[in-house]
Structure formats: C-alpha cells, structure tokens
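Look at the two complexes coming up: chain A is in both, with chain B in one and chain C in the other.
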Partner chain A sequence: MAMAIRVYLLFLLFLSSAILSFSLYEDQVGLMDWHQRYIGKVKHAVFHTQKTGRKRVIVSTEENVVASLDLRLGEIFWRHVLGTKDVIDGVDIALGKYVITLSSEGSNLRAWNLPDGQMVWETSLHSAQHSKSLLSVPTNLKVDKDYPILVFGGGYLHAVSAVDGEVLWKKDFTAEGFEVQRVLQPPGSSIIYVLGFLDSSEAVVYQIDSKSGEVVAQKSMVFPGGFSGEISSVSTDKVVALDAMRSILVTISFLDGDISFQKTHIADLVEESGKAEILSPLLSDMVAVKVNKRTIFVRVGGEGKLEVVDSLSDETAMSDSLPVADDQVAFATVHHEGSKLHLMVKLVDDLDTVLLRESIQMDQNRGRVHKVFINNYIKTDRSNGFRALIVMEDHSLLLLQQGAIVWSREEGLASVTDVTTAELPVEKDGVSVAKVEHTLLDWLKGHVLKLKGTLLLATPEDVAAIQEMRFKSSGKNKLTRDHNGFRKLIIALTKAGKLFALHTGDGRIVWSMLLNSPSKSEACGRPNGISLYQWQVPHHHAMDENPSVLVVGRCGSDSSAPGLLSFVDVYTGKEISSSDIGHSVVQVMPLPFTDSTEQRLHLIADTHGHVHLYPKTSEALSIFQREFQNVYWYTVEADNGIIRGHAMKSSCSGETADEYCFTTRELWTVVFPSESEKIISTLTRKPNEVVHTQAKVNSDQDLLYKYVSRNLLFVATVSPKGAGEIGSVTPEESALVVYLIDTITGRILHRLSHQGCQGPVHAVFSENWVVYHYFNLRAHKYEFTVVEIYDQSRAENKNVWKLVLGKHNLTAPISSYSRTEVLTKSQSYFFAQSVKTIAVTSTAKGITSKQLLIGTIGDQILALDKRFVDPRRTLNPSQAEKEEGIIPLTDSLPIIPQSYITHSLRVEGLRGIITAPAKLESTTHVFAYGVDLFYTRLAPSKTYDSLTEDFSYALLLITIVALVAAIYITWVLSEKKELSEKWR
Partner chain B sequence: MYKFVFTGAAIGHAAKFSNIKVVLNGGQHITFLRPDGYFTFHKVPAGTHLIEVYALGYFFSPVRVDVSARHRGKVQATLTETRRSLTELVLEPIRADIYYERREPFSVMSIVKSPMGLMVGFMVVVVFLMPKLMENIDPEEMKRTQEELRSQGVPSLSSLLPSSR
Partner chain C sequence: MDKGKAVMGTGRRWAVDFSDQSTVPSSRDILDPPGFSRASPEQDDSANSRQKKDAEANWKLQKAWEVAQSPFKNLMMMGFMMWMAGNTVHLFSIGITFSALWQPLSALQSVGKIFEPFKDNKVELLMPKLVFLALNLGGLALGIWKLNTLGLLPTHASDWVSSLAPPQEVEHSGGGFAFH
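Entry: the complex of A and B
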C-alpha cells in the first residue's frame, strides 16, 4: 500500500506536468542528438567531371538510393531514397544535365535534374514479364532534335526521349521470349543493333531503325550448346559469350547483320579447367574471364581469334575501360597484398604500359575490394591523372587519388541489421582525458553568453560561440563512463558483417571490426551476421572483465547452414574468440542466468529441434542443470499458422552429441485455422525491461494489479485475403484478430477481433500493455489500439486490514500454471499516418512515464505520451481523473509537430528504433537506424532529476550576488537606523 | 483486373518539391513530384487506395482514392481527416509544421517569473515590506502578543526580529 501511495504521488508529480513533454528550441539542435546521412553500398557510379562546375559522381546503391556526391569531399549534394520495391537497375547521365535511373525491373524510368536533384520527368514503361533490364543512353544518337534513351525490360524495348520522357517507340519481344543482352550503336549510323538470346540457345540480332523502331533486318543462329547468359561486348560488332557448360567462349560477330560464331575452349587457353565466369567490366577488344580463382584477360583478335594476354592470381577488382587521350583506352585493376592495396591503370591495347601504379595502406577491417570505378583528369603537365572510386567488402566507399585516400564514407552503416548498447570503461587514474575545465573567468564568460542566448540578446557571433562552447564544455565526447550514463557505446551489426561501435556523444566510430577480415582462416566462406547479444556485462564482482558482445552468424544464407559465434570485446573492438559451432542456428535465447564472470547463458536452437547451451563450461552447465525444469521456449511457424511451446527433455544422444546439447519436448500447440487466419506479427516484451510497480491506483482510490509477465506473446493474425496491400481487399473480406498467449502453458489470455481491418501490424509491448497499429478499411484510416491486462486474482488485496493482518496473497509466487483471472481493458484511436516501426522509451528503474516512439512513413519519429493511449480515457473525465492525468477522449491521436524527436530531419529509409536506459532515471537513449542514423536523448517526463543543459548558472550567480548585496545594504541601513535610534 | 493511371498535384507553399514524397498504400509505391507539382501513380488496380504526402514542414491529410472498375480511370478522392471530398485531386497541406519551440522574446516578466526572479522578489518583499508591516503594528499590542507567546513557551519568529528588541 505504501508503495502504491508512493507511486500515486510520483504519478501526480510527473503526470501533472504539461502534456508537451518533448520540445526543442532551434538552437538546441545537435546538443543531444546527431544525425548521419548515408547512401548504402554503391552499385553503379557515373562521373560528371566537366571542366567547369562542381565535380561530382552520381551513384546508385543497394539501398535504392540515387545520389550525387561531391567528388572533392565525398559529401552528399542530393539524394533520393526510392521505395523498398523500387530496385535501381541502372543509372546514367543524359544530355549532360539529367540523371536517368531505371528501376523496378525496367518499368520505372526517371530523370533527375543534375544540379539539385529535382525530378524532371517520370515514365512508367510497359512490362509484361520478369526479365533482366538494361539501360542504354547512347551519346551520339540523335533523332529529330531528340536524344532517345533505350530501355529493355519486361519483354519490351522502349526508346524514350531524354528531353521529356515521352515514349518514342516500343518494340514488343514478349511473344518470342527474346531477352536483350546488348544494345550497340555503331557511330554515325541511325541503325541500332539489338543482340539477344532466344530461349538461351539462339542468338538473334535485330537491326532497328532508331527513328521509327522498325526492324530493318533480323538474323538468328542456333548455338547447339546453349548460352549461360553471361556476355561481354568487346567492340561495336562483336560480343563474347559463355556456353551453358561454362567451358567454351563463343565470339559472336554480327558485322553487317550476319552472325557468325567462333568457339574457343577455355582449356585451350589455360591449363586449369573449371567453370568459367565472364567478369562484368566493359573492356574494348578484350574480355576478362575468371577461372579457378584466376582472372585471365583474353584479347579478341580481328577474326575473332582469342589469345590470353595476362592473368592475375588473386581476387582482383576491375573497372570498366575508360577512353583516355589519343584513342587509347585504359582500365584499372585493384588487388591486395598484405595490408597494401595496389591500384594499377593500364592501357587495354598494351598491358605492359602501366599509366599509374599506386600502393595504399588499407585498413584490414575494410576487407577486399568489391568494385572499382575510374575517372581521368588532365594534370597541369598535360599528362593523365586518374582517380578511382572503390567499394570495399564492408560497403565503404573511398576515393583514391595520387596515392592517398582523399575521402571515405562508411556506407556499411546504411544497412544496420541489429543494435545493442554497451558501457564505456570507468575513468581510472592515469587515463588522460582532455581538459575541459578552464579558468573561472572563462566559465563565467561562457555562462553570460548562455544567458544572453536564453534572453534572445545574443548576436549571431555569440550564438556560434555558444554552440561551440556547448560542444566543447559538456565533455560528452569523452571515452569514459559518466555519472549520468549519457555516454555509451552503440554497437551496430551491419549487413556486410561489420561491427561498429558508435559514441553516443557525437556519433563517431570508436572502433569497427569486420567479422571475416582477410587475415582470418577461410573455414567459413562468407559468414553473414544475423544478430547481436550482450554476452558479458560485468558489474559487482566481475569488474575487472571487459564487457563483450556475442555476434551470431551463419556460413551462408540458408537457415540450415552451420552457425558461427564471435565474441567481441567492447572496449577494444578486438575479437576475443570465434568458433564454428557445427550446427545450424534457428533461434537464440538469452537465459536469465549468468555465471561467476557475468557471462550470460544462451540457448541456441538448431533445425533438428535440439538446443545447445553456451558458454560451454562446466559452471554454466551446472547452473543450467539446476534450472533445467524451468526453461521453456516457443517457436512460431508463421507459414503454417502454428505456435508451439517447448520444454527441456534430456541430454542429446548420438555420436556427435556433447553434454551441452539437449533434446526438447513439445508442451502445447496453438493452431490457427489456415483458411481464416494468417500470422502476420508476433511480439514479446523486452527481456531486460524494468517495471517499477505492479500496482496502479485508480482515481477512486481503487487498486489495480498489472499482469506483469515475461512470458506473454502478442500474436496478430489477419484473414489470408487481407494479408496483401491496402486496396486489395474489401472491408467485409478482412478481419484482424489479436491474441495474448502465455508461452509457458499456451493459454490464450485474451482475444480481440477487429472486423474490417487489415495489416500490416506494428506493435509494441511493454509492462502490461500492448499498443498496435493497423489499417481500418471501413473508416479507411489507420488505427491504434491499446490493450492493458490486469491481474484479477490480487484485486481483493486492496483492503488495508488484510494487508495489516497479513491475509493477502501478494507474497505468493506468480506462476503461469495458476490460471489467474485476468481483466483486460482496451481502446482504439485513429492515427493519420502510416507507420514503419514503433518503440517505447525505457528508463533505468521504470518510474518515469513512457512515451511511444512512432517511426512514420515520412521517416520522422514522433514521441507520443502513453497517456494518449490509456484505455481509461473518457469523454468527460471527472475532476479526480483529470488530476490523475487522464486526457479527455478524442477519436484520433494528436500529431504535435514539436513532438517529432527528429525535429526537421529525416531518418531516410527508417527500419528500426531502439531505446536504452541511461543511469539517470529521467533519461533514455534513442537510436534510430535506416539508411540514415539518428540518435538523441529523451526525457519523457522532463529532466526532473537534473538541471537541464540550458540551465542558467549565470542567472543563479547574479541572483546570489544581488541577494548578498541586498543583505549588505540592508545591514548597513539597519546599523545606521539603530545608531540613530540610540542617539535619540 | 484493370490497371489505371492517376495523376494528382500537391501544393506545398514552400515550393521545395524535391523534398516531397507521395506514398501509395503505406509504402507500396513511392513517387516524387515533378517541377510543376504533379505526381503520377501507374498500374494501380481498381479499388480503394490511400495516398499520403510527406513534406518536411507541412502536414497533409491522407487521401482516400476510389478507383472505379466500371468507368475506366474514374477516380474519386476524399480527405480522410476532414471527410471532405475533392473534385480534383489537388492536395493542400492542412497546416505548416514548426518543429521547434519558439523562444519567448526577452521581457522583464520572464525574469520575474523564473524561480530566481521569484526568489529575489520574495527577498525584496521580506526585506523592505516586513519592517514596514512591523511599524504599523501597535507596540503595546505587540508586547501583549509576545507575552502570550512567551507564556506558551513557543519561540516565535517575531521575537527574532530586530524591532522587537
């Protein structure tokens, strides 16, 4: 009861504060938050380096971003993030002023203005079937003052005007099943050659009039072996293809419309045999073939004769060829040698002429080179200079020029897959930390400036000085733990398998580590990281240990591929150990037990239904054996609509088994009828969430006990018809059903059905409540619903006498088997935006009220107080309810612009939001990731336990001085008065 | 199933079109505005759809768009926030969003209202007004009260004041 009263008081204290609990002044931007803009792994790059104007490079990336980068500094001039399904197939520059992008398998063609990125025109091209797509922007083809762009995709060849995006003509190839491989255009001719394969066994060449799109001539020839689909064009009338067996190179020449084949066995060219692969670069008169990890360069002679001119042993990345002065063509190769990177630019005609040879020291954690793009410029001595844009294995983008890295971009951070947080080391004696305290005068001066800022008396120079001072003085960038827990490390795992540690103060990279750096053994070909766990969080007795994280990876994309564990020291960023675990990884379950060195016990389930215990120590085993009967887990089979609960059975038997492997037994199953319900979302509470109190006091002094269980699973199902997109189903056909299921017993605690609603469902689960977002088809609006669940079996404990006499059951252990009576309350509200993800703030002790963090489709994050989604809201709350902080019920949730925690920024391509508590109870860390990264610190109930950043010490000081002066003056006055009285 | 094309226009007063995205059905398709403010969605099947416009600094109401299957390409649009139907698919922002709190301009009141100001004010009141109040009290009555208090044995604030000496 005392607890309840305390909570009630706290609630009164916190919740009676203003509704607007997040707001920011414009000059506070960057004080607690940072924002980093990325583009993703570059797929294509086109340089735009004319003599005048800014030098830039246009890139398209695997995150569906098209961007224009400053070639000098690597900064983004502009960028656009296309939709997730709008994959970019090609990018080029047309007319010298438009950036052309082809996306969605050749069906969307857009032109963007080169200087500012404004979309100029957009054309949707007809497509009838899935096929690979091709974008070709001929430089010297001109038809009636128009410059056509040739696009193949979906079975059609389109010629589109570069000026306004009008389709000039289209040619239907769908009936023939013809796949265009190359579009070639001999200079000075209006005829274009379209070469492609028919059923991958017949080569066809169409000669098409570029004005009308009519086929002038057509030739075809059957190749008995069939083609593999890989092709490389070597000149305007010749291409080299590979046969289906990948052992014969076929030179196809189609001079004047005649086709001729010339076969060359790869075995005749090199001794080693094996499956060959044509590498993508476009080299004139030459083709690069990869056989048995060797890259060979094959020159194509005048009559289609092939000869090997060079071969490179290791993995080498190559660029397309680039015309340099005097009709010469050059290309670049990049290869590794130890920690050095060798860049060579050679002439295609004469491979012995090396135009450029540079060696650059490269960080091992960047991995190998994946792509190279080169560009030339004329130096002051009229010789050719080259700059190379390289894409590394960790997705980073670097510009090399004159033997140095001019700039680099950590583009791996655009594809963060999992995030966790970690503490920084404790400040020790001897750890040198930048001196931030200065003299008293400086300090006072700073505060006077700050005061001026607060009172709007500051000049622009003063404002700049204030900003700079704030950055310096706060000491927020130190690499040690602070008292408030504001300084932390954000550990992010990226798609490329690289681990980054970012500092919360300014977002800089403290360390980074590539999981499969080349220095390591090749036991596991290309591991990709799946997820990240806190392995060791030392406190109390294991203070000397460094904290570490566990990275779970897989040696392949298949779910049955063997797994890989890697333990990484958080302070140093060094891998402590890594192991191939020899079994697959389906599910990783951190257990609520730790061993004597604070290593957390983890269970990993494999595809055979076995679970494996980590760490593999006898101590962990003995801890686990003690709790053997209390370990339960569940699996969700979304495709079959089944949820199963499991418990431990016994140790594994069999020849490969060890004592850390256990079999499981099935306890329960929940089967959803497949004809009416399809699982679209499941969610549990965060396992490390802290709940301050179980009790909730009503306005009428009534007690409600929250049903706080770690074993609750939220499941949302939708009618199979409604599983598609909005607009594909009528309200009568779709229904959304949500369940709350106990994962120990399989008991369904609550079921709620929404008729005429559909997904996608985005939900957040915290304490005893779930809030979820879905689409209401009847109202044609998005809706939020809150479900709160209360424990009824404890409801009679509210009598004080029972508590006094000890006749309560509060100390009885809560068990999932006790079949407690539960009470649920729910309420729904409209919401005016699509949602990408939802999170909830989390604080150290769970006392501070909570805010929902809603990631909207506009890539902004809205902080919404939990009080807005309280099922006890009524239209006319009583006075008592108002005092408790209950807001009058409205049909829709408010969107207050000042509550956008991202203020005027966008976290482009937002995918996830994570929150972590700071040591200070009022404050929580928020980190959002997508293509961009965003971090801020939030205080959902304002910083009631500390002074705010802009607290005016100067005003305090002035007040004190004034008070002292007043005291002195009055003292003098009173002395005088007393004296005069005594004289009287 | 027919597929339709529909075109609309969005008006942002800032005329900074390169920052505006138009989203169909919660992310199924995303398109951008042309320099004249027009946007187009291609290959949209008949049915009821939702269009949202995202522009930093502006709030647009989502639009319910019914694409008729019978009359080819006939489109009916309704703002879902205000339930107003549109004759033309021309979208206007409901309001301009300001993401920052505005700093109050400097005023004496803001200083007086701040905790420090209140403290100073209180002290001023105590220092200058209290003696005045004391003077107004009749000294005899004062003495009587003091006596009373003394008899109760409660030390009072007034006994500590200099004027009581």
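Entry: the complex of A and C
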C-alpha cells in the first residue's frame, strides 16, 4: 500500500515538476472562471442626456468608484476605482465633456474625458487642515467662456480652470475656528460668496472676486444661539441653518453683503417639536427638515419667512430639485406602501401639481429606498418625462422609467464582507440527465470537431463552434450537485446586510435575502450582518435536511448592542428562523461537534465575558457538557497589546436562569511590551482544513513529524513607531516580531524577530506552516518569510518494526499540556510586489500540493507553488533533493506571468480570497472579492485524477475501433494463411 | 500415409492390414488408450539393456545438473542489466526489476515440471533441485535488492507513516479579535 502510494507520489512529482506554472490557453478563458464588475453604493449621480448620442449617467460610489453607466442598459461604459483612502467628495460635469471628481477631503481634483473615461488632468490642491470639501462647477452652457471650478477643501478655496486644471488663484481660510459652510456663486455674477461660521456662533460672509480671488468685502454677524453646523442653501443669497439647540431654523440672507438673520422656532411650524435635522436635498426656495420621524417641507419666503407646505413620513426618499421647462423646478419623492414603490415628481413651487405618479412592484428583499436621482426628457408630445435612478437599502441601483424597472444592478456585491460555500441539492430521480445531454450523433459530431481542433485542422468557423459548444457544455450551470463537486453555491454576506447565493458555474444570483427586510418586525432596529458560518452541513445520517448557514448580526453599530442570529436555508434562500439573542456578540467560535441533525455547535461570547451555547437544545448541551473541560477561548486586545486565554468555568446560573450560558475564568495572559511591540495581525488555521498526513519525508528517507494543531495562533507585532506608513521610520527604529502561541496554554512556541522591518503583515497559515509578507526597510523590498513547525518529541518514532506492528502512539489524541518539543525551520525571500491579501488552496483530502494565492497590489491573483517557499531550499540541492522537487534557492520569489490565475482581468479593490475544496481531490474553488467578483477553479498539481475537458474521447474511440478492426482483419488473414499452409 | 500411397501405387482400391503392430511402437499412428502401458513387454528384455539404462540415467543426471545451473547464467545477465538500468525509478529499471523478480518466482513454481523429464528412480535429483532452487532464490534476492536500491521497498519508517493522519486534539479553542 505504502509502496503504491510512493510510486504514485513519485509519478505525481514528475508530472508536477515537468510544468512549473499553471496557465491556460486563450480559448479557455471563461470556461471555468467568471468575473463580475460592480461599482458599489451610489453616492452622487449626474445625468448626461443633453446630446443625441449615448445617454449616460456619471456616478460616484462609496467604494470610491467613479463610473459612467449606459442609461439604457445599465452597463458600465467606463469605471475608475480610486484607492481606498481616496474618498470621492463630489462629482460633476464641466464644459459638457469632462467629468470632474473631487476626492481625499478636497485635495485631489481630477478631470476625466466623458466619452471614454481617460484622465484629462489631475491637480493636487494644497490642504492645511481637515475640513468640509465642497465642489462647485459652474453650470454654464456657454462652453467658450471658461468659468473656473471652485473647490474648497483643506482650508483653502481654489479656483481651477476646467480646461487644463491649472489653479488660477487660491484663498486661505485656515483661520482658527473658522469653518466654511457654503461657496455660492450667483449665475452670471463675478462675485463669489463664501459663507462660514466662526466658532459656531458668528456667521461670516466673504465676497470674493471670481477673476482674481481678492476679497471684495467681508461682513460678519454674531448669532447668540450658536449654530449646529447643519445648513441648507435655498437660493444663491440665502441659506437656512439650524441653531445649536436644534430647535430654531435660522434664515441667513446675505444679499449685497448685508447679513440678516430671521429666526423661526420649529415649534411654531409643527405642533410636536423635537430635535430637528436638516436633510440634504437641494431644493430651491425650500428646505426639508426632519422632526419627530416626519419630514416637513418649509418654504422660504422672499423676506426669509418660513412656511410649512407639506409633511411626509421619514421613510420617504427625496431627490434634489431639477429644473424643468418654463423656469419651473421639480423634485421627486419615493415612498413605500407594502410591496409597492410610489414615485412622485412634484413642482417645488406648487406641491399639489404632481407631474408624475408611478407605482412599481418592488422586491421586498431590496429594502427601502435610500436615494433618488431624477432626470427629465422631452417626450414626443412635448411633455416632460422623468426617469429616476434609485438606490435601495441593499445598495442596488435601479432605473425607473414609465412605471417599470428598466434595469437594475446588484451593487451590494461590491461590498462583500464574509463568504462561505454550500453544496447544491442532490439530483432527484425525476430530473433526467439525458435531457441535458445531446443525442449520440451530436455528441460524436462535437468530439470530431474537438479532434479537428487538436489536430490543428479546424477552420475558424469550427473554432467558433468549439467555443460555443464549450460554453454550453457539461451542464455546468445546473442547480444540482455534480459528481466532481464543481457546482457549488457561494454564499456572500454584504455590508448592506444582504445574503447572496452565487452559482459557481456562471456566477448568477440563485437567491438573495435581505436580513432586515421591511416585512419583518421592528424589534431589532437596523441589524447589520457581521459574519457568516456554516450551521448545518448534512451528510451521512441527516441527508434529507437542507443545509443552512448562520448569519450573526448586531442590532446597531455599538459592540454592546444585542446580537441577532438568522438561520437561512441554503437551497431555498428562505430564513428558517431568526432570533434576538438578548446579549451582545463579541466573538463567535464554531466548535468541532455536531448534533444528530448535523447542526454545528457554536459558542458566542458577549461583552461580559460569558459564552452562550447554540443551538439551544438539550442534546447540544449534553454534547457540550462532555467536552466542557476541553473548550477554551482567547481574546486579542490589540490596543493594550494583551492576549488572554480563558477556560470554561461554570454555568452562569447565579446571574441568569439561562442554562446555555457559561462563565469563564482567565487562564493565561501574554502581554507585549507596549513601548516596543504593537499587535498588528493575528491568524489561525482555517478550522475546516484537512491535513492528509502528519509526516514529512525528506529525500534521504528522513522523517519529520509536522506539528499540526488547530490551537496555534500566529501573532505579528511591530514597534509602535513602525505601525504607520511604509518608509515613515528608519530601519533602526522599527522591528517586526512574529510569535506562534498555543491558545490552550499560552505557551510561546516560536518567536522570530526581523530587525528593520515593518508591516503591514499579510499572512497565511496552513498545516504546519505560516507564510507572511512584510516590508524590509533595509533592503527597501518586500519580503516573504516561511516558518515551518515540526514536532520534535515524535521524532523518535523511527523503528520500522514498531510502525509495521502498529506499536506507536502517533495516532493517539494529543494535548497541548504535554509540552511538545518543537523544531522550526524558516527562510526568507524577497518579493517584488506589494500584497493585499494571501490565501492558500485547499483540497478535499489535503493530498494535492498547495499553492499560495497572492492578491497583488494590481488587483490580480498570483498562484505561487508552496515549493518556492520551502525552508529546505538550498543553493545547490543534491540529486535526491532535486528529485524530490526542491528548487535551488534564489533570493527572490519568481513572478511568472502565466501563473496569474486572473489572467488579463483585474479584481478591482481586491479585499479577500476564499478557497473551498471540490470533491475531486485535485481541484479547488477560488473566489476573490473586492469591488469586483472573480471565481475560478484551480488544480495546483494539474488534474491528475480526471481527464481534462478537452480530452478527445473521439480520438480514443476511433483508436479503439481501429485496433479492434485491425485485430479482426489480421486474425482473418492469419486463419486463411494457416489453412492454405495446411492444404499445401 | 506411406502405406496408403504404396497401396494406391499398386492399383489396389483398399486393403486391411491384419498384422499386429502393438509391439512396434515406433510405427504407430494411433495413440495408446489411456491406462495402457507398453512398458511391461519391455521389462523382461535382455540383460544388456541394463547397461544402456545406466548410461541413460547418467545422461539424465548430467542434463539435470545442466538445468539446475542454468539460472546462474541468467543471474549474471540480470545483474548486468540491473547495473545498466541504474538506481532511479523509471520505466526501464522497473521493468528489469520486475522481470528479475518474476523469472525466479515462476521458475520456483514450476521446479517439479522442469525436472520431470529427468525423473528416474535411479537418478538422484535432490541436489540439482536444491542448486536450482538456491540459484533462483539468489536471483530473487538480487531482484529484491534492486527493488530496495530503487527505494521501492517499505524498509524505512517513512513508508509506514507517510499516510498517517494527524492525531486528534484533546482541547479546542477559538476566539481572536472582538468584532467591531
């Protein structure tokens, strides 16, 4: 047996060493992989529909994307993902041909060409302090005259030429306590008004000449009540602000430089008073104020007189006002009524005139409307038509026109926070496979085509036919489980609290579910999902149960807010049950035990140091009681630099009558010296990782026993000075220290210090090794270090006869308290790229060799064989070592262009990579998420256990047929010859 | 056939030959019926045939020894081939090694058959058989030795633990950073 495995492994090794890199042919792109492009939740939208050409909408999003979308289909014309720190503050169109974006708190101003998205110019603006950033692009249709773009940010007002981005002038507003609130320019006027509050109590208006930037006049006036900072401009010479008590609306008019206040108590406007809030939409001569869960519209009269004109429920979303024909201004409101969505477009001057009233059936799983943007167009009968772009609670983007949803984009998928995978249902008897497969003739025809392709005889038409056939082939999009485990569901939880199930075949959404859909009770205000766990994975004896996932959420953003558990059926996407658990959620710990229905036991820790057992059944309790002494948990306090280990103590019956609640006691603490070390990263092995063997065999038959433990924690610390940006410290000041800590006993198994190195540390932990990436300040290069950990106390188990007779304790359960002697080996290599995330492939049995999946700074994923990060690499490996597959040591890790698994694509804004095993041992699923989604299947050692999809069955068949025919013919011939011999 | 031809030549249409041919075994066409032994009439042959028999026994013994020593040649050739094949695992060396193992095994299995032609109550076949066995075992040993040098014998500890799953752990732990 062992011999057979050896032969097999050697054979494998030969196969794998023959081809160093994984790559695919051009025509294989899109066969196993898919890529989806998203933009994120839309913050601003600017329509561009004037010209007769392509109608488009320019959007900027919370994922820092600026994109141009096709208004007809919702497709992306172009898109730019700015960095994670480059938050977009404003977007507008200038000169009718440039998209202007202001980002990074008003310090980056960029112009993009409207049709193709090429950057035209970029200007870095000087900023001295944190402040509001305001972008004001003159809405002048006369293209020939260059009105400057006004940008306020970082304490400075800049006038920037729209043509080339040149800063025409800048004005310093960095005075102490002065906060600029509005920059206004009446159309056609050469005077710019800058309104700000000095110490939140004095309104100051500067009049600035738009040509030179000189201050023409300055007026100020003290408002005794003080301002809250909320402000809404109603016209070019009037703003409405809220006082510090949030009970008085102050109209500030500064016509011709004279400031005047007009106070109106909110109590005078509405009966029930409360804290007021000015809402953001820009409405001319009107301001929207939220009081007591109602939205009131207040018209600002000519003399600053306020008057309530309408009041709506606070769940109504409003758009900014939009000029329509004949000097009229309209705005849209959207509100829900059951499953219907009502869109109304009204005139600002006359709220009773409803220009448009539409109601649209809306999916409950999209939640409420968050934002509305409207645009008008002239219908053929000269009347006004409106289209509305709405952003829903689940971040999806929809275009409504003429009472229908023209298109929708699931932008929630741009902010995936947690991912898990699930199996599809088993194929039932009723569903016939034969219906999907073709007839024998088609099948044969297809294979003949493929054969032609292999023999390079195919014409271009044939190649196209082959491509098409491949795309349709093998029912890869079916909603049932397949033999190889290639078809699976990817369950993704998004920031908006929506759960998506994606099919691995083509990435389509099988189902989606909003955690806080409006149909549910209001017990838990606005739950946000935190993390996702596999709750029930039925196999063996619970086969008829549907698998389910557990979504752990929290009813608020505070860490002490009560938690929420939601159990979702994976097959149907329906919530089985959800419960407010009545305690906070700090950590979730899946236990390695399941009950009789394959529900996994989970422990949830709260802020009081208690842990709660789920599911709350007596069976789970009895299972847990059995293992009570062996369950531990640890907490990492990054701010204090402390790691604490806890053990279960007793049932917390003294405080509550909850028998599923347990108290803990502190066992150990690891305290890092705060003056020299700061925790920046911790990592454990994936709990569901399968390790095939505990032995590591070297070329000279030497044995090492891997120290494979789930209770190992990798901790990386840096000097507090070096916690900042790369290059902010000198090599002498910074050091990186990594630890391997046993989380049961708190024992430090290994400590490794890198002088002159700095984070951020990206690490991956698998089997008995950790690979981490950091920056070496001395060498000015990124580095990878591998640490492998071996169990030295098992090394004596080398007597063959004892092993043959099974007289060894290698499979006996081990305890962390046995204080194993460990041996570590490590090696470092330079790496040319900065890294965003690292993952490792995982396979069903753990036999297949591993690949590191490195998410590079260019948002691509590089597959690197684990053999490159093997501490046994030497400069001149011996013949035996070479045979074993040890690569000669080089100072840096190679980046082979063919081993980018994303080939030519980019997973913009890459944040994480998830791997999951397929049933076929050689293959692993890889799912990467960021703003984009990418999925592919990988075979790190090639598909040694199956024939590839392009395997030419026809060739095999023809060969067999030909052989049989040849055998028959020669047999007949030989018979004849023998007969004639006999007659001779 | 010869007779038939002669008969045809003389123009006869058919003939029956009544002469008893049972004592002339060399000229018979038809096999003896099962169980019929022709040896009994020969037993009481003349005394001078004893000498002839001794010579035959000697000859058989000589032949048996030849057969018994034949694996030696084979052994030498195998050794040469193995030396040529080298110590790395590939198709050629594996083929050689397995044939080196197979040949002695099959020879050992059919040792009775091989020495059957020389079976004689006068001939002492034990020694040749033993030599034959010893040489073949030698060949087998050579094959196994080759197998070992190729590293295909489970003689190392690594061969017995290479698929040993990691041990279960008694304690379980979890935790990490608090959710925020």
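The rule is simple: the second predicted complex is superposed on the first by the 899 of 984 C-alpha atoms of A that agree within 3 Å, B and C clash if a C-alpha of one lies under 4 Å from a C-alpha of the other, contacts with A are read in each partner's own complex, and residues count from 1 in each chain.
Methods note: a contact is a pair of C-beta atoms (placed from the backbone, for glycine too) under 8 Å apart; a residue touches a chain by one contact, two chains touch by 3 or more.
Please read all numbers here as calculations on a predicted model, not as lab measurements.
Chemist: Under the stated touch criterion, which partner chain does A:N711 make contact with: chain B (first), chain C (second), both, or neither?
Modeler: second
Chemist: Once the shared chain is lined up, is A:Q701 touching chain B (first), chain C (second), both, or neither of them?
Modeler: second
Chemist: Contacts for A:T936 in the overlay, against chain B (first) and chain C (second): which applies, first, second, both or neither?
Modeler: Once the two structures are laid over each other on A, A:T936 reaches no partner at all.
Chemist: Is A:T843 touching the first partner chain B, the second partner chain C, both, or neither of them?
Modeler: In the superposed model, A:T843 contacts neither chain B nor chain C.
Chemist: Across the two complexes, what residues of chain A are contacted by chain B and by chain C?
Modeler: The answer is that chain A has no such residue.
Chemist: Would you tell me which residues of chain A are touching chain B in their complex?
Modeler: Within the complex, chain A contacts chain B at residues 23-27, 29, 78, 80, 82-86, 110, 116-122, 124, 454-457, 725-728, 760, 775, 777, 779-782, 832-834, 836, 856-860, 895, 897-898, 900, 903-904, 906, 955-956, 958-959, 962-963, 966, 970, 974, 978.
Chemist: Could you list, by residue number, the parts of chain B that touch chain A in their complex?
Modeler: Touch list, chain B to chain A: 5, 17-18, 21, 23, 25-35, 40, 42-45, 47-50, 52, 54, 56-57, 59, 61-62, 64, 80-81, 97-101, 103-106, 110-111, 114, 116, 119-120, 123-124, 127, 162.
Chemist: Okay, in this complex, where on chain A does chain C touch?
Modeler: 1-3, 5-7, 10, 530-531, 554, 559, 585-592, 603, 605, 627, 630-636, 638, 645-646, 682, 684, 687, 691-695, 697, 701-703, 706, 708-711, 743-744, 797-800, 803-804, 810-817, 883
Chemist: In the complex formed with chain A, which residues of chain C make contact?
Modeler: So the residues of chain C in touch with chain A come to 88-89, 151-180.
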